[in-house]
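Mind looking over this structure? Questions follow.
All chains are identified by letter, namely A, B, C, D, E and F, in their written order; residue positions are counted from 1 within each chain.
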Amino acid sequence: MNKKVAVYRLEHFNAAHRLHNPEWDEAKNQDIFGKCNNPNFHGHNYNLEVRVAGEIDDKTGYVFDMKILSDIIKEHILDEFDHKNLNLDVPEFKNLNPTAENIITVIHSKLSKAINNSQLDLRVRLYETERNYVEYPA
Amino acid sequence: MNKKVAVYRLEHFNAAHRLHNPEWDEAKNQDIFGKCNNPNFHGHNYNLEVRVAGEIDDKTGYVFDMKILSDIIKEHILDEFDHKNLNLDVPEFKNLNPTAENIITVIHSKLSKAINNSQLDLRVRLYETERNYVEYPA
Amino acid sequence: MNKKVAVYRLEHFNAAHRLHNPEWDEAKNQDIFGKCNNPNFHGHNYNLEVRVAGEIDDKTGYVFDMKILSDIIKEHILDEFDHKNLNLDVPEFKNLNPTAENIITVIHSKLSKAINNSQLDLRVRLYETERNYVEYPA
Amino acid sequence: MNKKVAVYRLEHFNAAHRLHNPEWDEAKNQDIFGKCNNPNFHGHNYNLEVRVAGEIDDKTGYVFDMKILSDIIKEHILDEFDHKNLNLDVPEFKNLNPTAENIITVIHSKLSKAINNSQLDLRVRLYETERNYVEYPA
Amino acid sequence: MNKKVAVYRLEHFNAAHRLHNPEWDEAKNQDIFGKCNNPNFHGHNYNLEVRVAGEIDDKTGYVFDMKILSDIIKEHILDEFDHKNLNLDVPEFKNLNPTAENIITVIHSKLSKAINNSQLDLRVRLYETERNYVEYPA
Amino acid sequence: MNKKVAVYRLEHFNAAHRLHNPEWDEAKNQDIFGKCNNPNFHGHNYNLEVRVAGEIDDKTGYVFDMKILSDIIKEHILDEFDHKNLNLDVPEFKNLNPTAENIITVIHSKLSKAINNSQLDLRVRLYETERNYVEYPA
């Protein structure tokens, strides 16, 4: 067995969103989500870190071709999320509150399907701001 | 005359916006503004750098108290722009396209009035993303 | 069981400190700690990263409200450490050398008590400079 | 047993390299490695993060003296790699393709021998660019 | 006259180079350029900041369309310099030592011709490493 | 005349300090300087950016050898300020309040004397934190 290395690729997208739970009234939403509940939306520059761990291939010296990884992220995440309103434009968040926690599990699910290789471990991290970020799986 | 030093303060806010010229039809707007024209908005983490240049005060050793500068920025810019939709929530952009260029001249105007001191030079820089930013005056 | 996600919050504080072992003589202290042993102290901008891992709450879409996490860090760490002399002003370091390693275990202990939730995993990282940092638990 | 903490040290070096598999013809090399296959080489500012985890020493309050760690990295990695052509100047890559994955396993092996302490865990991360990086062990 | 704003765009490229003056002997080259004189080359991740200052256009709210600016930089600089050996692959440095100072004046000249608009001021900054950078005009 | 380019070098030092005006009583000092007035000191990681502008030398392709510039900064600034208490250990601040504004004018004066070349323009910037910084001359 070859040595197992993790490779990381950093990408980014810009999006608008709003935090809201339709089961709650306005006061409760305001209490829990504060200014993130603004009905007119606010937005972020999201930085997405994708980590793929696996064995080094003898021929290429790669775990995973970073150009291919970048293309997969572009097709499955950036083209869906970049310069979009997550609540209105992205089907996954029609009925799911687009907190950073929910966004990152959606991203993990979409990339897992796209990479579709049980020999590779996938972990994703999303920076909503420079001071707030999330990681899945924990 | 005392030595003239520039002091800088960095602040940030998150906002949604949309680039759009109502005098143009949809095709022209799409052609010029591309995905920034998304009618459902997108968003950014804006980093704002405020530069104030003036003479050092003998008593304090300050050009301008950074705590007071931070409070002015908070009151006049962050409380107006943070977690807002620039097009819908901020009066200055009701009839002004919120490009980075237009945002930074609005910020300069608001801070100039708030600081209101002809002995001080004011220059502001706005980072819309890590790769795109603007400065006024040039 | 819901998906387990880690959320991160980054905070910072500025402090003075000195590395010193009172059981050693001056020469030994100088030999081991070098310029960090300066009796007049030196200082750092410390960046503190707090990681809390747990299940996503169905109602909020949060693992842990970042506003509340930020308030806990402020009350229990920043208000105690910021703009302080760690050796002279902070009780925990009266008899404990304030190396980055010892600071981070103290921070972990204080935050664990404050969060006080056995369903959540806590890990903390402290940047003493951009090039030197520590993490606990390892 | 004392508390186990991880300490990190960040160093950097600048180097030229070329990705190439001599078993393949030119077309295959171009197909797999693209512009990284340029026979005249290209280069990077590599940032190297070294993580050493172990128990805190009671006397020093250190897991590992960062000055000594920095000296070890300088002697065993920077003096060998900095301002070098990895393919032509560094013996380990005479017959090993200098992908980031292969570089990081070589660095780990060299530092493990130099530190030579079974009580300490070693993990290394290499940033080839701000957007592409690798970690070993995964 | 409309307000004059500066817009900035940040791009990057990776390249190998060697500092060398063919009029000097080996000892003199080694004395002046040190390890940067390695005949097998070394390399950098270059970050390029392009600043264009001019009046805001009333229709677009832009000084200069950042997408167009990015395309110009790509065509005239990145396609020429990225993943190249500056000494061997780039005609401008066949007889010009590729110091950061000389690279930035070459970049300024190429971009000035490409933008070709006397109403706009152009200034460029090149980061060779995080700690060494140059700007033209000064 | 050759083209005039600015070269930048970034260095850093760690220091403790306290803001205090001995002509004022304790209440006034507390009112103006707040927690920066802590009699036991606090500290910072200071990042120092030195900008030297001048003509490119035909022989070297340099405005100023960065290795020499780095050595000058080390001898005249870092060896004097790093891991020091600015108020107690640095003669220039025995009777001068070590605000960022006063520190940067002291640094400019010391470097001007050390470089001692009327053909070169010197400008210095000091980052006290990531959010507060100063520049001289303005």
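A few comments on the model shown:
Here is the rule we use: a residue touches a chain if its C-beta (ideal position, glycine included) is under 8 Å from a C-beta of that chain, and two chains touch if they have at least 3 such contacts.
Computed from a prediction, not measured in an experiment: that's the story for all the values here.
Farthest from chain F in terms of Cα centroid separation is A.
Per-chain Cα centroids separate chain B from chain F by 28 Å. Chain centres here are Cα means. That of chain A falls 42 Å from that of chain F. For chain D, residues touching at least two other chains, in rising order: 130. According to the touch criterion at the top of this document, the contacting chain pairs are A-B, A-C, A-D, B-E, B-F, C-D, C-F, D-E, E-F. Taken in their complex, chain F has these residues touching chain B: 19, 21, 23-24, 32, 34, 96-102, 104-105, 130-138. On chain A, the positions that touch chain B within their shared complex are 12, 14-17, 35-36, 38, 40-45, 82-85, 88-89, 129-130.
Residues 3-11, 51, 53-54, 56, 59-63, 65-67, 121 of chain D are the ones that touch chain C when the two sit in their complex.
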